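Following are the structures in question.
Two complexes follow with chain A in common, the first pairing it with chain B and the second with chain C.
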Partner chain A sequence: MPGSLSKDAITILLVTAILIWIMPQLISTYTLTILIVYGMLGLSLGLIWGFGGILCFGQAAFFGLGAYTYAIAAINIGESTFPMLLAVLVPAAFAALLGAMMFYGRLTDVYLGVITLVVTLILFKFINSTAGPQYVIGNARLGGFNGIPGFQTLNIPGRPDDYIWGDSYFYVCAVLLALVLFLVSALLRSSFGRVAVGIRENEVRMSLMGYDVRARKTVLFAVGAAIAGLAGALFANWAEIVTPSLFSLGQSAEIIIWCIVGGLGTRFGPILGAAGLAYLKFLLGQQSVVDNTLITGLILVLFVLFLPKGIVPALAGLWKVSFGRRPQGRIHQQRRMRNRGGANG
Partner chain B sequence: MDLTVVILVEMLYAVASLILISAGLAVIFGMMKVINLAHGEFMMMGGYATITAVNLGVNIFMAMLIIAPIVVGLIGLVVERLVIRHLYGRLVDTMLATWGLSLFFIGLATMIFGNTTTGISTPIPGFAIGNYQINGYNFFIIVIAILLLIGMLAILKATRAGLIARGAMQRSDMAAALGYSPDRIYLATFFCGSALSGLAGAVLAPLVGLVPTSGGAYIAKAFITVIAGGPSLIAGLFSSAGFFGIVNQIFTFAISPVIGEVALLVAAVVLLRLLPQGITGKFFKGNF
Partner chain C sequence: MVETVLETHGLTMRFGGVVASDNVDFKLQARELRCLIGPNGAGKSTFFKCVTGLQTPSEGEVYMRGVETTHWMPHQIASMGVGIKTQTPNVMDSLSVFENIWLAARRFHNPQDANRKTQEIIERLALGSIARDDLGRLAHGERQRVELGLVAVGDPWLVLLDEPAAGMSAEDVERMTEIIHELNKTAAIIIVEHDMKFIRSIAEKVTVFHQGKVLMEEHVDRVMSDPTVRNVYLGKKA
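Let's look at the complex of A and B:
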């Protein structure tokens, strides 16, 4: 990864500025807010899959968990600051437990995928079946498939009556995304991030070099879940209702598709993939000639077959070929391509 | 006494339906190492093929046991030629591409059949054991599952085609050197796997209301059954379906069907954590 952290910061500031000043003139801020939330969700999987080599089929579990945590805590507390924190911490703690169970069991690849998938299903089934009045946490009824409506939405910290909504909520989300992106960049530049990429490339070698692969993967997994949880809480504030469909397999599938289409192993790829595809879905939802799901599926198949690296790396490659200096490290690039999709120990 | 019989039949039925659900995937994933996430949609299409055929006036058993497997098998052929063929050996990519396919088929089914529940009635009447009513169709499913296991075992172990297929899955280069075309063998195996999925979907169709998204209900169960089964195809299928089916039914009877489902999934997580190679990876090594 060329450049330095300060250069990253400038890029991120620039992108945020564009996001805040130019995008609202093209798309309504209400739609933009959800695109940003999805972008953050895409980034969370992009971090652990693209850089950590952990293919998690259940990123939606952490997203949903964040949203539900926020909703339940907000009903019980009646103020949004602490619930927002909880919505980050609870999924992270859950992921740390789950990750520890998986990584200390040395599960990889398919088994990892299946376990995360199954855990998502368990949550989905459980939440779906909690319609009865006996399922309460504090004052909050879990509500089964009806979800939880009517919780306290985001307010200025300490002032429960000053809601942040509409345009200002969009700005909050945009700034939070920029902040998360900056933190992710910083993490990837730190030695922890470099070791994580090393683990993705060759797990055995990293463990022989004396790094505790299991602990590092667990921590990275938890960080990804924390970001997904934050996205979930932001989603809950946007939608003003949380439903079990947040945990659904379709949601998990979409996150994976965003990452594939945007480009793995990049930070901007999953964000762009998420926002782009979500917007495409929004546009497609306004017509009824062709079914929405059909197109999503077709996009995924075509990308896996013809552009498995995703859009951002392909564009970056095109840029380098057209305008850049002659690439010196061709072999490194090829090796990165080959290892896409997981560390096969 | 009556209750014991009923519970026993229900357990056998749960095991049998798990075997049915997973058989197609066991062939495609267990033999070909293609993670077919469109498996549930293959089953869904088997169900729709049956219902369409029955509505056109075909005998229901004919529709379930012959038409549906052939239709879904042919769809499988097209899918193999267009998509899967390019992805052999790339585990994660097959998973993603077939996930795309599954969404594609859901969309297609929604466009053709609409997003409504369709169904056909079970062709076998129920009967009473003491004070309990039992669905006669359950016995049909148990019989089909047993025949299916015996049939798969016979084909894989006792016929030349089965031998060639098993050989080509292990060393496709050796099979090629001996004059068999791995390309064709893969194609034929994928056809069989899809046909089995279609059969399962068709046989289970009278029991469930069919919607375009009903494949999602099967996929996770099929996966954990096959993966928990481990490397040996039929012994693995039988043992893990037996284990999960019994766990599911115990909790269903003791608490509620939802807890039964959750117990099945929790059992799967625990089992995979303890035996990451699957049941047969540990206990019955190397036998089909």
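Let's look at the complex of A and C:
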């Protein structure tokens, strides 16, 4: 990965500044908040799929788990700080267990996809069937298909009556997204991140070089789930209700589409893809002429056909062609060809 | 007394009814260079995969420096200080030469030392002009050389190379021979190879595989002139 972490920090600060000062002039902070949450969710899959090569069909499971964990903990504790932490830790622990089972079981990509999909379905079915009064955790009723409403939303740590809502909540979400993005950048620049990319490229070779691929994939999978869990908790605070639809297959499929459209193997791609498509869905939701799902599907088909690498890699390529320096590799290759030509001639 | 770095006892690998490796007893001394030859399907690669942990043998044991590694995973074997190169160039195509070798170095060194070791290997293997190129853009010989760099950067005491000269030009083979000789100063080496010219130029002791068994284990000259070997491997006219 070219560049340095300080450059990443500057880029992230600039993007956050645009998000905080310019975007509210164009879109309401209420809508922007959910776009940020979805951006974070997109980033969670973008990290494990784009940089670790783990195609998870069930990222929605961790999102939903984060949201439900927050809601249940918030009802029981009555303050939001510890529930926020739990919303990150519980999905991460769940993913670590699931990941260990899959990666130590030497499952190939297809089976991995199937298992993550099935786990999401199981959670969806289970949560849907918890309408009865016997499904209670502490003071929190799971509520089945009706979900859990009326829990304590985000407050200033230690002060349960000082809620963070409206524009303030938007700023908190924007800063959290920037922080997560910075941490992801730092992770990818660390040895762990570089090894993860190596594993994405060639698992067998990395194993023959002495890396325990199973352990590293499990850790990366858990990190992705932790980010999805945080996004879930932020969603719960935004919506003030959590329902089983968070675990739905449609939600899982959407996250995959966000990553493809935004650009895999990039940090900003999945965020842009998520925010862009979610906003489009929001706009389309205001009309009833064309079905929403149809448009999303059409966009995916068009991108797969004409822009398979996604928006961000395409824009980066365009920038390189227009303003960038020639790639070093090409210069070397041309030099080698010249030398060979000289030697032959 | 010379240390035995690799030893197998009755190593057998079955795929259904087919016995690909049949009761193989094998010994390799420290800093020895051994070539494994044999016709297609003789069991060389199966033996190689069983030793490197890429396959678990059906029966028998593998010992490395006296430690039983029969059921170990490839990463555990590599972590002992065993360098492994597979048959086809097995590299990270979308990463640069530097990044590939750095990843191999990082497994055994801290980041600063990994940078230094990577630079050393790049100079030793004359990869400087292509160090920033992606592996996917390089020629076959260059890719083979880079993979040897991945093996060498970990300072291994045992190196296992499956067909290192396959598909390479005469110039590349010559360079590869030099690198292998240099590696052999500190490491025992096993080379699975078909190229007889390359074997003559590099090997002293050769193990001949035939139908999953060890047919013969002798000096390269004696192996080449042995009528049985010529019959099963080289053909009568050779």
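As a working rule, the second predicted complex is superposed on the first by the 328 of 345 C-alpha atoms of A that agree within 3 Å, B and C clash if a C-alpha of one lies under 4 Å from a C-alpha of the other, contacts with A are read in each partner's own complex, and residues count from 1 in each chain.
Everything that follows uses one rule, which is that contacts are C-beta pairs under 8 Å (C-beta built on N, C-alpha and C of every residue); 3 or more make two chains touch, one makes a residue touch a chain.
Remember, predicted model here, so these are calculated numbers, not experimental data.
K.L.:
Give the label of whichever partner, chain B or chain C, reaches more residues of chain A.
P.N.:
Comparing touch counts on chain A for chain B and chain C gives B.
K.L.:
In the superposed arrangement, does A:Pro308 touch chain B (first), chain C (second), both or neither?
P.N.:
first
K.L.:
If we overlay the two complexes on their shared chain A, which of chain B and chain C does A:Ser129 touch? Say first, second, both or neither.
P.N.:
First partner only.
K.L.:
Would you sort A:Asn202 into first (chain B), second (chain C), both or neither based on which partner it touches?
P.N.:
It touches chain C, and chain B stays clear.
K.L.:
Taking the superposition as given, does A:Ala186 touch the first partner, chain B, the second, chain C, both, or neither?
P.N.:
Once the two structures are laid over each other on A, A:Ala186 reaches no partner at all.
K.L.:
May I ask you to decide whether A:Ile299 touches chain B, chain C, both, or neither, giving the answer as first, second, both or neither?
P.N.:
After superposition on chain A, A:Ile299 lies in contact with chain B alone.
K.L.:
Is A:Leu14 touching anything from chain B or chain C once the two structures are fitted on A? First, second, both or neither.
P.N.:
neither
K.L.:
Enumerate the residues of chain A that count as touching chain B in its complex and touching chain C in the other.
P.N.:
Shared contact residues on chain A: none.
K.L.:
For chain B, which residues count as touching chain A in their complex?
P.N.:
Going through chain B, the ones touching chain A are 35, 83, 86-87, 90-93, 95-97, 99-108, 110-111, 216, 219-220, 223-224, 227, 258, 261-262, 265-266, 268-269, 272-273, 276.
K.L.:
Applying the document's contact rule, which stretches of chain A touch chain B when the two form their complex?
P.N.:
55, 101-102, 105-107, 109-111, 113-115, 117-119, 121-122, 125-126, 128-129, 249-250, 253, 256-257, 260, 290-305, 308, 341-342
K.L.:
Considering the complex alone, what residue numbers of chain A touch chain C?
P.N.:
191, 194-195, 197-198, 201-202, 204-213, 328-329, 332-333, 335-336
K.L.:
So in the complex, which bits of chain C are touching chain A?
P.N.:
52, 54, 73-75, 78-79, 84, 86, 90-96, 99, 102-104, 106-108, 111, 129-130, 132-134, 137, 150, 154
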